[in-house]
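One chain, subunit A, appears in both complexes that follow, with subunit B as partner in the first and subunit C in the second.
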Partner chain A sequence: MIHYFVPSSLKEALKILNENDCYIFAGGTDLMVQKHLSSGLLPNFDKDVLFIMKINELNYIEKDNEGNIHIGATTRYNEIEASSLIPEIYKTVIKEIASPNIRNMATLAGNIGNASPAGDSLLPLILNDAEVVLSSIDGERIIKVQDFILGVKKLDRKQNEIIKEIVIKPQELDYFYRKVGSRKAESITKVSFLGGYKIEKNRLVDFRVAFGSVSTKVVRNQEVENKYINKELKDIDIDSVVNDYTNLVTPITDQRSNKEYRHKVAMNLLKKFLKEIKGGRDE
Partner chain B sequence: MEIKFVLNHKQVAIDVNPSMRLLDVLRDVCHLTGTKEGCGEGECGACTVLVNDEPVNSCLMPIINVFGKEVITIEGFRETKAYKVISSAFADMGGSQCGFCTPGMILASYAVLRKNPHPTDEEIRIALSGNLCRCTGYQAIVNAVKLASEKGVKL
Partner chain C sequence: MPSKGYQILITMLPKYLTSVKKVDNEEKMSGMAIFTGDILMEDAYYAIPVRSTISFGKILEIKVPTLPKNYYFISAKDIIKENVCNIIVDDWPVFADKETHYKGETIGLIVGPDKKKAIELSKLVEVKYEEYEPVYEMKNSYVHKEFVKGDKEVFKKASKVFSEEFETGYQDQIYLEPQGMLMWLDGDKITVKASMQCPFYIKKAIMRTLGYPEDKVRVIQPAVGGAFGGKEHYPSLMGAQLATAIVKIKKPIKMIFDRKEDITFTTKRHPSKTNISAYLDDKDNILGVKIHVGIDGGAYIGCSMVVLSRALIAATNTYTFDNVEIVGDAYCTNKIPSAAFRGFGSPQSIFAIELFINHLADFLHVNPVDLRTKYLVKTGDITSTNGVFRDPIILKDLIDKAFEMSDYKRKVKEYSKPGTYRGIGYSTFLHGCGFTGSGESTIINAQLRMKKDKDGVVTFYTSQVDFGQGNRTTLKRIVVDTLGIPEDKVIYDAPDTDQTLSTGPTAASRTIIIVGGLVAKAAKHLKEIWIDGKEQEIVEPYVGPSYIKWDEDTMQGDAYPGYAWGVNVIEVEVDPITYEVSIIGTWSTYDVGHAIDERIIIGQADGGLAQALGWAYLEKEEVSDGEFKQTRMSDYVIPTFVDLPKMETALIDNPFPYGAFGAKGAGELTFVGGAPAFAIALEQAINRKVHKIPATPEYIMELIENGN
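Right after this comes the complex of A and B.
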């Protein structure tokens, strides 16, 4: 017998989660698709369900004294898009997720919880070292989104933990974002790319790259980035950067695309980004 | 579990499983069949309804997520002045052919006009990007929303 829990406070939710193995159910735009059987039938949940959208205390966007922005777990994309506290890069990426109708229901925390390598919000989150705060009856812990997502549908989450909030840093870089999919709205990404950089006196003082849908999780490699940080722009060799990433980008073939195409597109986007950094926009 | 919400301006309390799709509650429990089911997976928008004035896909929304909220379906929207303006604009511009997408299109059109009374073509296309139409080729729908915008959707 499946139990459906509808707590109205976080405390209550944590207690339920400690005693029961549950699906955590937020906007449901992933879960309702994954558990859908057919019209007229209930979604096919095989264990208990904890609905969290009625926990009003988790619906917030707040800035702390250090300028970090805290986004509560039940905050939906449409609220994030509309908030003046949210850095532009997040809005740019979120506006290309699904359709306005879906964004009125879906949460940012759900995109992390779904742990898909095609999760679009994961690119800015990982590129900007965003963190999640996990809550359980034992207390809280903070972990980088990059470390929290281990692979396809795999999270570093204990059964009694819930994502309480996401903490993002204020924007400080120039960005280059491209999402490649079949149709503008609602396409599951075939390949996505986000680059971030900062130039001071012809020197690359910050340099970050993230690829989506090209591996079991979003690809970001700080070791490679560090090789190029603090180099003079003229010393950045595009082929050598591409060479560094070529083996990190390991896409698969599926119904949406094939691996050769994905690899090629990913590398082309990287080249475009590097050209933009070096000042030779080619669009 | 008893779910209380406002449906088409009337307070209702419906005893159903909290995971039941809003779409099934509307069609099978409340017998409001104006809301259509196309894909059942959030892709087509035929099931669009307004929750607290925002368009959502009722095929993905469990009934528990409308607890305490206000739901408007095409049946409730028909009673408004805005409906008259938008639906006659759809008729004038050929924005509806087989009609299957139309309830969702009309509600999504209302939602964009409510926030942005004079949208550009591009803004209309983005706002309606979650609503598919197999018949019209979309331009007629964009024209209809523009006409409704010119006539003014009184809210």
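Right after this comes the complex of A and C.
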């Protein structure tokens, strides 16, 4: 017997979650597809379902005293897209996710919870060291998105924990983003790239790189990044950076693309990004 | 996608060159139209297929779980008369019996009142097989055809030969509404509503498997959401299966496919492999051309022999070569049978010849436009099947206009400089309208019933299905305009086989040229004998042009009653970082005879080209171990609004004497030229030769990286 819970407060939800192993259902844009059985029939859930969209207290976008932005778990993409508090890079990425009707339902927290290597919003979150606040009846803990996602559909989440909010930090970086899907809209990512950087007096003071859909999770490697931070632009050798990433990018062949293409395009995008850095903002 | 790009050049009958509101606009826009899946019948049972899980083998045993009350397993053992699905060639069984020939073939149906329960039970049916070695490659021919025009001896005199091979892939129809059928008993009469193209095909399939007479089967068309050929034959199979079940169960039965099921298990466009050789003399004149077209027919022939015929007849496209040898094979493979899809074989062979002749120009170091013009077909030329192109051909005007609209000559020069990553290409093409040869008079023999009541209200009946293409609007308009009576005095409803005689299938771009012509003739006839205040009824038979003679065995004679013509120009840009293609512009010109309703024709033009472009560069359907890999619309991607530019179209009037108001066919024509024009444009953008579609970014990367 499957139970469907529709709590209206976080407290109530945490109690339910403490007693039951549940799917956490926000906008449902992934779960309804994954659990689809047949037209005219209810989805085929194999365990209890906790619907959280009635928890109004989780729908918010707020800025705290330190300038961090807190996005509640039931906040939808279209609300994030429209908010003046949200940094542009997030909006750029979100605008290319699925279609307007999906973005009217889907949440940022849901994209994290779904833990797909093709999840587009994960790139800016991981690149900018965003954190999730996990809540349970035992209290709260904060963890980086990069550490929270362990692999395909795998999270560092206890059964009684829920994503309460996402905390994104103010950043002053220049970005280069490219999503490569199978068509220009409503497409699942075949390979994606987000690079961020900051240049001061011809010196690279910040340098970050993230790749999507090329491994079991978004690829970001701070060790490699640190090698190039504080280097003079003229000392950055494009081939050597590509060389550092070439083995970290380990795509597979599936129904959407093949590993050769994904790897090649990932490296092409990295090169393009590096050329942009070296050429300065105006080129 | 709405286009403002069209223009009408020459107007013969100005009053028909306006567009009217489609009769089904309101019901479709408001969501009030009732499709098969919307029909509620409270006591309806659901049928869930049990499908073969192997590609080829012997069925040793079928273990059915103990079924609860009111649940049934229906299979070959329940066949009433013949385990044959009536689809041109009778090799496709209603249920796989002793052997199964492809993964997904229906072995039986679980039928019962609760859909979820029926799904669960269907998973408990265990089938034991003895597996045979399946064949997935095109190597075992089950239909072979060949014909020659001119003199075969010239091939021996050639001083050089240029040969190439081309490949095209599967394509799914992706109609908005997946396949579905509802069947019930009205007394002892089997009554069907289904998503369909051809009501009489379903009726015949049911009569055949049950051995029933005409008056015990009735097929009624509800609203249908798209077809593109995909609902020409497959509903016959569903009909024969449900009919077998209903005779035993005697309850209404519904079978509606989900999208994934529809993509995975229903018929698609034939993949193809075409080899062409040009035999040249020492002055580089083409002495003759040899063409071999191979199509992958899948496990059963079904309609593949007819698809092959059309592919072969179209193989020389818009070119006249004095000496031609054309050979073709449909191959048996252990995959889902391929079947009808807009174009019906001709897009495959036309793709090949259009690219080939461009490549030949490169080989000979001549301008491709000049070479293509040199061999361009003219009025009075002999066709590859030794028929005659009788009606005026205005292809040169179509090309000139398309070049002017697209600024082709300037762009093709500009993009030949390296590093622009832009390209422009064009195709010329034709489409034979109606059934092959004299098939309209000898096989279909359409008859149209039209009646008038005392108040002067005229009702007419056809078996043509309007699945979105607009024939309910146009056929009605032909009657309204011919009789000169108000629109509300003419009644034309969706087909019901108890009301209409067969006017043939909704296929082969025949609806307006053939049935439209018949409707106009009947209306004219009624007008002549019109007596006010009197009930009158006529049955008008189709009479084709007497000069059309065709021999299907030798493939000799006039292949079609008439031809429609077109030119596509396509401009693309390639991103050298990601190998993605953007379509910058499309410019098309068409000769569809005379366009009765310009907006409907522009709808066909935009939709046909969009679908062709999808086939050319986006729609990838791979097979792995006999199974399709792309089974959802997120993986099998068709173009969206964002992927397409504004499409510009011009129609040039060239009235056809046998069509209604001079109209020819337009449904398939608009599909035929998109892929080659795209591929030629892509070749220029990347400076490489293309030999297969879909030209995905993965393939483009390979071409760029590996050279030619």
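For the reader, a short list of remarks on this structure follows.
FYI, the second predicted complex is superposed on the first by the 279 of 283 C-alpha atoms of A that agree within 3 Å, B and C clash if a C-alpha of one lies under 4 Å from a C-alpha of the other, contacts with A are read in each partner's own complex, and residues count from 1 in each chain.
We take it that a residue touches a chain if its C-beta (ideal position, glycine included) is under 8 Å from a C-beta of that chain, and two chains touch if they have at least 3 such contacts.
Please read these numbers as outputs of a predicted model, since none were measured by experiment.
Residue contacts after overlaying the shared chain place A:170 against neither subunit B nor subunit C.
Shared-chain residue A:67: touches no atom of subunit B or subunit C.
When the two complexes are overlaid on their common chain A, residue A:40 makes contact with subunit B and with subunit C alike.
Of the two partner chains placed around the shared chain by superposition, subunit C is the only one that A:269 touches, whereas subunit B remains out of contact. Contacts of A:180 after superposition on the shared chain: subunit C is touched, whereas subunit B is not. When the two complexes are overlaid on their common chain A, residue A:261 makes contact with subunit C while staying clear of subunit B.
On subunit A, the surface touched by subunit B in one complex and the surface touched by subunit C in the other have residues 36, 38-40, 184-186 in common. Here subunit A touches subunit B in the complex through residues 4, 6, 25, 27-29, 32-33, 36, 38-40, 42-43, 45, 49, 51, 53-54, 78, 98-102, 104-105, 184-186, going by the rule given at the top.
Put simply, subunit A touches subunit C in their complex at residues 36-41, 178, 180, 182-188, 255-258, 260-261, 264-265, 268-269, 272.
The touching residues of subunit C, when paired with subunit A in their complex, are 37, 115-116, 119, 256, 258, 577-580, 582, 618, 622, 629-630, 634-635, 637, 639-643, 697-698, 701, 705.
Within the complex formed with subunit A, the residues of subunit B that make contact are 1, 17-21, 23-24, 28, 37, 40-43, 45, 48, 51, 54-57, 59-62, 64-65, 67, 108, 111, 126-127, 129-131.
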